[in-house]
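In the part that follows, the structures are each spelled out as structure tokens.
Below are two complexes that have chain A in common, paired first with chain B and then with chain C.
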Partner chain A sequence: MGEQDNGNFRRRDFLARAGKAAACACGAGAAAYWLYDSKGPEAAWQKQQLVTLPDFSVQEEPGRSMCIATGPDRKQTFNKAIDLLGGIERFIKSGDTVLIKPNVAFATPPMLGATANPELVAQVARLCYSRGNAKRVIITDNSINDPASCFQLSGIGKAATEAGAGIVMPRPNLFGHTTLAGGKLIRNWPILYGAFEKVDKVIGIAPVKDHHRSGASMTMKNWYGLLGGRRNIFHQDINTIIAELATMVRPTFVVLDGTEVMMTNGPTGGSVSDLRRANTMIVSTDHVAADSFGSKLLRLTPSDLPYLAKAQAAGAGTTDYKSLKPIITEMAG
Partner chain B sequence: MSSQQGRSKIESIVSIVLLIPLVISGVGIFFKQFHYDASRVDIAMAVSELPVAKAVGAEIDLASLLPAGFVAMTEAETFERDTLYVKIDGKADLYLQSGFRELSCQRFVSGDDEKLWAEIYLYDMGTARNAFAVYSIQRRATAVKLSLSRFSYKAESAVFFTTAKYYVEIIAAVESEKLHNAVLTVAQNIARLPHEQKGSLGELKFFPERGLIADSFKLQLTSVFGFEGLDNIFTAKYRFGAGTVTAFLSQRQSREEANEVAGNYYQFLIDNGATAKSAVNDNLAGKVLDFYDSIEIILVSGRFMLGVHEAYDQLSAEKVAIMLKEKVMEATDIGRTR
Partner chain C sequence: MRIVTVRRLSQALFFAVFTWFCIVTTQGTEWWQLRGWPVNLFLRLDPLVAIGTILSTHRLYAPLLWALLTVVLTIIFGRFFCGWLCPFGSLHQFIGFLGNRKKPLAKRVQLNKYRKAQCIKYFFLIFFLVSTALPVAGWVSLQSGLLDPICLITRSVNLTLLPIVDSITGTISATPRFYEGAYLVLAVFFASVFLNLLIPRFYCRFICPLGALFAILSRFAIWRIGKNTSECSNCKLCEQACEGGCEPASQIKISECVLCFNCLDSCKDNVISYEAVPSLGGEVTSPNVSRRGFILSVASGVFAVPAVRLTGWLADNWPHKLIRPPGALSEEEFLKRCIKCGQCMRICPTNVLQPTGMEMGLEALWTPVLNNRIGTSGCQLNCTACGYICPTSAIRPITLSEKLGLGEYAEAGPIRMGTAFVDRSRCLPWAMDKPCIVCEENCPLSPKAIYTQEVFNTVRDGTLTVKKISANTIETIEKIMQPGKFATGDYYCAAGDVQRAKIISNTENSIEIAPNAIHGETLSKGSKINVQVRLQRPYVDIEKCIGCGVCEHECPVSGKRAIRVSAEGESRSPERKIVLES
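Up next is the complex of A and B:
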């Protein structure tokens, strides 16, 4: 009776199997204990130090903060405007490294006006070299839509390269996390910080466009292209993010190209019939003022674009562009 | 003894069969955890954009629709609801609010001139109604009507049209006759494909033809005229006298709903500064409002809520409103039962 045999199962077998099962359970438990990470995965940004973009602005000179040049030729109007503000030499010093941030958001042809005009971008780069004696000019944008295609099909890649500028494509290792002091949305958020390393001056170049979500896309919205991450979530609070971007970036100057204005179906457009010739070029050290004037080209007022007032309240510039006493000049057609 | 051995063997085989997938799963989990993607739980971590799927499962093979002499320039891509912004950024909302399902894109280029390229945007909007909505809202002022489909036009170098549930844009990179002809051929090839018809645009027949500005129809699906409570509104423009009048119409589920929506819209206008006015025409059984020097008219006829929006001449506005109501009554049971 020491070993019960009920026909197919004996006590010894039972004990042996129970022992093996217990060993398996203990082994699995030990392995789970060994592998268990009570802290969980650490977000990469927590390992990194937060970064802050430097202030790239230059000393203000009363009456030389903003110039509005009218005329059909972008090169001429830009050259004239920058000359009237004191010349490129006022902004770019010999040996400077200059970063140009054009709007290269889409892989669309230049004809549609959804991206910065390639000839204008090239002209700004050329002037930085030829008269500003810049050591290096680089061009970057975290294009939302396949950066290589955007730079190629917009024509900006080729035009900039021919002008001697280098293209910095957004790569994961160029992004650093930043928190905007007092910011509501830009908190521990990745920006294209690496492109700004060793950069002395920053120039923004943007076309004037209608924007389905924000009402308008101009120089302030252009800084959206510095954001990484799944930045589309900011579209839910588009006015705040644009105002915060304008506060985060202190450019040397911005170029707002209203030579052709995308009046409808922005920001992508799709047909040249979305464009209106306004023949206006704005160069300004104050991007809030530039965009406030730009709203007129879209037949809006600054109050139609709530992000302008928000940016002004945050100290990013003034919506009262007239207070800057803008220089107005007209070029022959 | 032999039967016990047989059972033991079967038990062992069953155990092995059960253990193999468990071991495979365990090994898989072990290796996968080395590739933890923080961006899945922390959206700020996602440096690059969401992966964009290739159009492997797209319903239409766009490359097969290219004319002779043109070849695919890039692989086809598809964008879904959560990746649409990658392609069209701030315009994505317009589509997402209108029932968007999927966008298929492909660029094509001339075999002998790389400057001659164009891109096809094929938006699957789920229904013909949704496709018409995004088509009509974006219709260009310089549109030249085409015969590709009921709703089709060209605007300079681009072609825009709807076919069944699709809204299609084909955008040329440069002005060129050769490229433009290729764009038209691709458009024709897409329009000729057999497509399942879903969703009707039956309301269009209720708009009277007298004074109607051709191709001025629009369908706005949400937050119409700035009021969140107003949806599914068809509008059309009429030329009356010196100015134009925008007529609107919406078919609701019931007479009660039509009355409720009309009442809410009326209250919205009043809350925002409109003042009630008397109708000039005694036959106008509806509400007339002065909204900062423009005229708004709201009527209900059976399940239809209709009226006039932002008119600047009250007489013309009332005339259009009455014409619209009469057409609705004539074309529905309301008219036949009277």
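Up next is the complex of A and C:
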């Protein structure tokens, strides 16, 4: 390799070598030219391609925005409520890809009520398929505890899979940075955007839970699970972040499950004694209205939860849920 | 079929089984994840694990009985484990083959000749066994896991190779895995593997303490490799691929033979055979360990443990950051059993279990420690996976009832790994008057071990003078407020002994308060008002905290956390408790 006999070194050898040397030198020069950076790196801010979530809501129909069904059986109350709002067909069109965002925050069993009820999640998924003719239903959450454990222990992973829904784990590559128009906190912040790719409709499912910092965790707080990064920093201004999340996400509808309400030790719970049976299921196209009603189940008023008024002011919905003329129905126990 | 083909198939099969067991040790619902596979199989078959724990604890932990099978088979057949089964050995053989296959015959014979230095592996074995067996000053320590090939490859694949593959492909774990100090594990692994380019099966010949153990066990092997005639053409073909470096052409070193059968396969004259009669070329049955070497390794073993314990790590100078998983034995008993295989760190669903580095003492290197800054959420309350996978019961297999102190364990209480301490100089509500309580929110216990107390603190430059009051708006003389700053729902307006009123919004010189809160008659022009922030300050109830570390994991002070767990109060060391029982 590259061996040369000194005795036979001729002019043409010299010229060949000189040519190669010149080519290499020119290559080095060209590389330096192409890579030349006269300014050096800019200060911290990286210009990122920002993403925004589209509006997933459907056409409003007066008097059919909110339904409150009471009864002990989640499947029945949900079925009834969605029927009274015009049926799932009103929301899910044939061929739609539906994303369900249940609360899968904690690695706790379903009986503790810290996560969305697996049967309810499965029922929503099944209805999307059977009567909504959805093409695909996916379920996602950026859990607080270990995601795989959360989906497994909460029973949501199994129930959803059996209903034919796909689970999307919050992998790092699914997060994209977003800035909420007019937002104060959600600025260049990572959200679980990848899960929304090709999604046509979005449904939120959350239990009613006590929350020491914000007062209550319901359907609006449930969108916290779309945030990535060290999102806990937002607890400094919990009301603003919940209101901004409610502005950022325009769901098709939300399901607020007050069948069992976590009255104490929220939002983790940990004991069945933290739960109270309230037998109430709310389905609403307006998550501010749903949560405003839901505050009553925790024996609070909407004014106890400053984020409700903030969300209303930002145009995310109304705290005066009565103005939506909610359909109220009772199911036999 | 040629015997070497059978041997290669066996090696490929066991290597595949080993890799498969590494992959399936993943929590999840997919078919290729945890499904009751005997993922500890190789560790159980490893007699160095069994003998090591027998020497340190004088007991044979039930699952390790499998090692008896290996021992008996080795006594009868010789070092079949090295040549046919050991996944690390197979890897070495394959790399050695790749690296040396194009070298000329004479060079290969030279590479595979017997070397005196092959006795070093016996020194390692003696060193480990002595430090495990002899209670000098009552101290013993099981350290064979550092070089035990099964522990080494298990640790290397699970804690370094799979996570690296996963970080590229994102297929195995639901979220990326991290292992602190894994580079050291990987460096040892790569060094062992690439030394094969220097001399084939370098690790097996010079370092492997398990191979040394097998060598001693095969002293009376009934069948051995040997020459069935004293004369042969001395073509050396048999030594060109000798995996053990045991010189079958001349006087075979039985203790070095790994039963690769390459000699038998390559001999053109069928001079080499595997038979019950001794080799007619003569044989050396015992390892070549000099008296000096023996004394040196025994002496090192005797002094090693006392030497490292002089640091006081197991006495008053115990490392408080060494938070062991739930069910871990007391530190002294733990070090008698832990083989640093890393299975607990592999199975841990939250990735909080990490290999300990050098900073907790040499003895603790690569043993499991909780690092709440890594992983998805501290130690998961409803999980006991580490104790169930631990092959030696250094972490006991506890039930959930025992971990949580339920039922018959109610009196004993939950298993505590340590205690969380709020660092009031870093905590947002304590040090910076910012609302937060993420720690309280995430405490998984019911009732929570973290509770809060409400205080109202006047903010910086928050004492203002009233200029005018109208309806719900207070106008101030000062124009110093940042507009909107106090509109978060956490700020209040206080004046004298009047009821506080929640601030709805503010401009630079006016505050809008919640309706019907403060009445005009109690305030007038010139009155002082205080803008206050409502804080919920976290406290740890030391009688409830189990040290799971979820609070530390979630704390938004992301560098040095404002709430941190340290090992005081851990159940396994009653002498480290910090409060009296109530």
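By definition in this document, the second predicted complex is superposed on the first by the 286 of 333 C-alpha atoms of A that agree within 3 Å, B and C clash if a C-alpha of one lies under 4 Å from a C-alpha of the other, contacts with A are read in each partner's own complex, and residues count from 1 in each chain.
By our rule, a contact is a pair of C-beta atoms (placed from the backbone, for glycine too) under 8 Å apart; a residue touches a chain by one contact, two chains touch by 3 or more.
Since this is a predicted model, take the numbers as computed values, not measurements.
Superimposing the complexes on chain A yields a three-chain arrangement in which chain B and chain C clash.
Once the two complexes are laid over each other on the shared chain, residue contacts for A:Asp237 go to chain C alone; chain B is not touched.
When the two complexes are overlaid on their common chain A, residue A:Met111 makes contact with chain B while staying clear of chain C. Once the two complexes are laid over each other on the shared chain, residue contacts for A:His177 go to chain B alone; chain C is not touched.
In the superposition on chain A, contact of A:Glu60 is made with neither chain B nor chain C. Contact with neither chain B nor chain C is seen for A:Asp320 once the two complexes are overlaid on the shared chain. Of the two partner chains placed by the overlay, only chain C lies in contact with A:Gln152; chain B stays clear of it.
Residue contacts after overlaying the shared chain place A:Met169 against chain C, while chain B stays out of touching range. Of the two partner chains, both chain B and chain C are touched by A:Thr268. Applying the stated contact rule after C-alpha superposition, one finds that A:Tyr307 touches chain C and leaves chain B untouched. Shared interface residues of chain A (contacting chain B in one complex, chain C in the other): 106, 108-109, 144-145, 149, 153, 170, 172, 211-213, 230, 232-233, 235, 238, 264-265, 267-268, 270-271, 273-274. Chain B makes touch with chain A in their complex at residues 4, 7, 36, 38-39, 42-50, 74, 85-94, 117, 119, 138, 140-143, 155-158, 160, 169, 171-175. Those residues of chain A that touch chain B in the shared complex are 8, 41, 43-45, 105-106, 108-109, 111-112, 144-145, 149, 153, 170, 172, 175, 177, 188-190, 211-214, 217, 228-230, 232-233, 235, 238, 264-268, 270-274.
Put simply, chain A touches chain C in their complex at residues 106-109, 143-149, 151-153, 157-158, 161, 169-173, 211-213, 230, 232-233, 235-240, 264-265, 267-271, 273-274, 303, 306-307, 310. Of all the residues in chain C, the ones that touch chain A in their complex are 27-29, 170, 173-176, 349-351, 375-377, 380-383, 428, 434-438, 440-448, 452, 488-490, 502, 514, 536, 550, 554-556, 558.
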